[in-house]
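The following pair of complexes shares a single chain, subunit A, combined with subunit B in the former and subunit C in the latter.
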Partner chain A sequence: MPRSNYQRLLGLIGKLAVLLILGFLVLPAAVVTIAAFNDRAILSFPPQAWSWRWFAKAIAYQDFRDGFRNGLIVTAWSSTIALVIGAMFAFALHRYQFRFRKTLEAVLLSPLVIPHFTVGLGFLILAAQIGWNRSYAVVIACHVVLVLPFVLRSVYVSLRNLDQSYERAAASLGASPLRVLATITLPLLIPGLVSGWLFAAMLSFNEFTASLFVTAQRTQTLPVAMYNYVREFADPSMAALSVMYIAATAALIVFANAYLGLGKVLNIEQSR
Partner chain B sequence: MNPQPFLRTFTAPAALCAFGFLLALAAVLQFSLRAYIPGSLDPGGFTLSNFADLLKPLYARVFFDTVVICFLTAISTLIVGYPLAYALVRTQSAVIKSVLLVIVVTPLFLGEVVRTYSWIIVLGNNGFINSVLLNVGIIRQPIQFMFTTLGVVVALVHVTMPVMVIMLAAGLSHIDRDYQRAAESLGAGPIRVFLTVTLPLSMPGVVAGVTTAFAWTFSAFATPQLIGGGRVNMISNLVYQLGFSSFNFPFAASLCVAGLALTIVVLSALRLAARPLENIGPH
Partner chain C sequence: MNKAADRGAKAHGSIAPHEEGAVRFNAVTKRFGETTALDDVSMSIRQGEFMTLLGPSGCGKTTLLNLAAGFLGPDTGEILIAGQRMNDVPTYKREIGMMFQNYALFPHMNVAGNVAYGLKVRGVAKQERDRRVEAVLALVRLAGFEDRTPRQLSGGQQQRVALARALVINPTVLLLDEPFSALDKNLRASMQVELREIQRKLNVTTIFVTHDQGEALSLSDRVAVMSEGRIRQLGTPEQIYRQPWDRFVASFVGDTNILRGRLDAIEGTSAVIAVGVARVNVPYGPLTDVAASASVDLFVRPEHLVLAEASQSCATSGTIAAHVYQGGYVDTYIECSDSLRDRLLVRSGGHETMARWPVGSLVGISITTGEGVAFAHI
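So, the complex of A and B:
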């Protein structure tokens, strides 16, 4: 049948296009990996000799070590605070009617479209005015605001998918609201909470533009340290660090997909 | 019994967080209306001169370039992202779906610095593309990607792609497949089904994707800074330069306020323009 040949051709073209686009997405990661194992300090393709020395140099570099430590401190605090605030507010948004509900929601979601350099500058000026500059507190506060929309969305989606009849059953058997919350709702929400926290943590650890504004030498996070390195040096240590970054991030995403189902979290499952 | 237990406890921290954020935005607004005193970090009295300065050709040019780069990036990302989102939603194989998801989502969490650095290695004069093309003999001189709008847009498309694909996929996944089956059973070919059924129904996802891509590109800093290298400037680069090289925070703040106003205007215009498109669907 000519029709089915035509459809097969269309399918083939579609697959080729998707492969090309995937190639575009993967290309920088592949190229940076080749560069990281290149023995020479100057960029050259194809590499003449291979080595691990740039990895050793990147791990030993003091600014990267400090940035990694500072980043972990900021990430641990900001993602956890954002999780608690976001989960509670998502619950209130989903279940309750109250004054300024829409306004509050709009303000908390607005960092999604407000440029990070504006948020960063705002927190920098504010911190200078109340004497908090150069402290971790301002970096953490800034990150909480920036990652909160992602936690809110993630927890809200799981609340929407939650079957409320379990809660009603528990309540009708005489459980207090607190007990229902602690023994029914919270356990059922765990996948949403874990994915919300994971997203928040990864975004906070990688946040760059606002961090550039609000961090000082003492509180500099890893992306800021990497940016400063790229501006000053051209050797492949940064490539080696990038490879470690890409590998760790990809591993976390594979884990998140296997245990939490990214399709569900991102709300892109095909409806029948 | 209280029908809304924990209401105060659950909303108070969020309200506090929103308050802190609004204070930070108010600080920017306040600074944008203050005079700059050279050599001092403290601002002077209230004035509108910062906003008058924005109209100087030098700054107006950066605004124009920023909007052009944002549009180019958003449209290119839409064209490149659509087939991927379509494949992601429609593939029958769970394995292919997982692989696509991981490849699409991972760059979202890599951060701008790592991705921009990788693109410098790909696009540089000694970089991957130029080395390959020179070795094969297709070109004699390296192609100049660095410090050009083309180079910046290519890297920005890569930075914006994950969020575009996620938005498009969300839009595509909520289309009832029965519409498509109905069109097919009436004899429409695959291209016609796509153009007259699937594409119009996916418009909400397209609008969400384009507006978010626009806002994200507007927010980009490391990519135009490192790949543009001072020759391709966006508002973000100007804000940083004014703040940390000249310590002219009042003017930097006025750029932020104007940028925010511009984003709001452009995004509202996009939404308004897209409204007739969204009403095409039979929902």
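So, the complex of A and C:
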């Protein structure tokens, strides 16, 4: 029957289109992964011989080691500080009505619309003025500003999803407001807080544009170190590093999915 | 207005709390922006009484409960619990027990942790705490469930935990916010009986909010029927059902028919309403403004109507539209020109009704009792 043939053709085209799109999505990662195992010293594709040696070289390279360490320091501090500040502002915005509430919200979310290089440049100029331009403090401060909106959103959404009756029940049972916060609100917000922190950490660890402005040789983070490397060399150790990056991030996501629920972590689902 | 309010007013001041009313609302008004949620509401609830706030959504019943709990503050008027003015007392100092619509069991604590929470907050020692948790769980028939998490419990069990958690602190008042609405019908009935037994045993003053009139009639010592931020009638379930004060109460509580009638005579405190050849005695109170032989709306319960042969001299007549078999009784819907609201509903005991008057047949309808109320026709 012509109609059914036509439908079969349509179905085939549809499947092909989906495959093409999915292939396109994983293409860069696939190319980099294959290149990482290339035995030859140039970033070429497809490779002729296979080897692990670029992984060994990437791990041994001192700038990458320092960059990784610096990145962890900056990420840990900036995500934690952003979490504390973001959570407090999220509480204020969710629980209280006050003048300039809308203005405060707009200011807190503004880094979303300000380009990263602007933030980086701003901190560079400021840091140079007060002579802090070689310290971790300025990198951390810069990252706090950049990740704060994401933490704020994450905690705010969790607060909005938190059923008010839990806190009311605790109050009716005689718990003072501080006690309610410590024994009910915060424990129930843990998924939101963890997800906010994790999100901030991923952003901070991968942040490049602003970091390029505010880091010095001593404080450069991994993406900046990679950029500096690729300006001088073009061997596949970059690709090897990328593969490790992908593997580490995937592991983190699997962990988050298993223990916290990925939907909740990324705030895709409206968790109850 | 009513005896309780009078007594409350007289007792204001020096008399023991249980004389004064365990909970009192004095001329309480609460607005949300432009809407008035509560309009000058006064009520006194006795020690140990089970008081139900009944009304459709938006009538102010939940607002009144939240005022008692302290989640909201009144704009004007005052709230007293055990004789103490509560307006400026925060929730956590009010010594109330509350059950929420969704139970609000703390999901990160087990049953024992939930029930012990109020005791822990009060600094009760561990041994004493364990003893009281055990006792109250036995009371709600959940002994042995201490280590379960709320998620592992059925709806009925969750409700019992919520009740135990509210009762373990020996609250001055128990506040119940539609606690049965999430349960299926069978479970609901048995939980209601259980709740009422426990409430009687402990003699704890209880305010119960519901929109379910059946629940209100079966559980309460007294019912306050509310609408649009006011109490329309406050009385025992029987008074509410048999002697409603106004059209709203008459039509909100229980099934009812509205028949076209005529004010026939006035005899002291009662009036006689004529519907066809039938005569029904009703309280004269609501009819004081109605002129003799003016038309009135007569409210009659479906169990007070019976079907008869159309040829007999009946109150009215109509055509059978449908029989609905309900097991213990039969609901018959009748097209009738004297009915002012849709079809007439007649409730009869036996299923022989269905055999005797098939759908489409013409029947007469008699009014069996003098019970009814009438209001001016609008």
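The criterion applied here is as follows: the second predicted complex is superposed on the first by the 236 of 272 C-alpha atoms of A that agree within 3 Å, B and C clash if a C-alpha of one lies under 4 Å from a C-alpha of the other, contacts with A are read in each partner's own complex, and residues count from 1 in each chain.
Throughout what follows, contacts are C-beta pairs under 8 Å (C-beta built on N, C-alpha and C of every residue); 3 or more make two chains touch, one makes a residue touch a chain.
This one's a predicted model, so the numbers in the text were calculated from it and none came from an experiment.
Applying the stated clash criterion after superposition on subunit A shows that subunit B and subunit C can sit side by side. In the superposition on chain A, A:Val144 contacts subunit B only, with no contact to subunit C. When the two structures are aligned on the shared chain, A:Tyr166 is found in touch with subunit C, with no touch to subunit B. Of the two partner chains placed by superposition, A:Ser51 touches none, neither subunit B nor subunit C.
Once the two complexes are laid over each other on the shared chain, residue contacts for A:Phe117 go to subunit B alone; subunit C is not touched. Of the two partner chains, neither subunit B nor subunit C is touched by A:Thr80. Of the two partner chains, neither subunit B nor subunit C is touched by A:Ser135.
Once chain A of one complex is fitted onto chain A of the other, the partner contacts of A:Ala239 are limited to subunit B, with no touch recorded for subunit C. After overlaying the two complexes on the shared chain, residue contacts for A:Ala29 are found with subunit B alone; subunit C is out of touch. When subunit B and subunit C are set side by side, the one touching more residues of subunit A is B.
Between the Cα centres of subunit B and subunit C, as seen from that of subunit A, there is an angle of 100°, stated in steps of 10. Our summary of the superposed model lists a minimum C-alpha distance of 6 Å between subunit B and subunit C.
In the three-chain superposition model, subunit A touches both subunit B and subunit C at residues 177.
Within the complex formed with subunit C, the subunit A residues making contact are 163, 165-166, 168-177, 179-180, 183-184, 187-188. Of all residues in subunit B, only 2, 4-7, 9-11, 13-15, 17-18, 20-28, 31, 41, 80-81, 83-84, 86-90, 97-98, 100-107, 109-115, 117-122, 124, 126-128, 131-132, 135, 158, 161, 166, 169-170, 172-177, 189-191, 211-212, 215, 218-222, 226, 235-236, 239-240, 243, 249, 252-253, 256, 259-260, 263, 267 touch subunit A in the complex they form.
Touching subunit A in their complex are the following residues of subunit C: 69-71, 90-98, 100-102, 104, 106-108, 117-118, 121-122, 165-166, 169, 175. Those residues of subunit A whose C-beta lies close enough to touch subunit B in the complex are 3, 6-7, 10, 14, 17-18, 21-22, 24-29, 31-32, 34-35, 42-46, 84-86, 88-89, 91-92, 95-98, 104, 107-108, 110-119, 121-126, 128-129, 141-142, 144-145, 148, 177-178, 181, 199, 202-203, 205-209, 212-213, 223, 226-227, 230-231, 238-239, 242, 245-246, 249-250, 252-254, 257, 262-263, 266-272.
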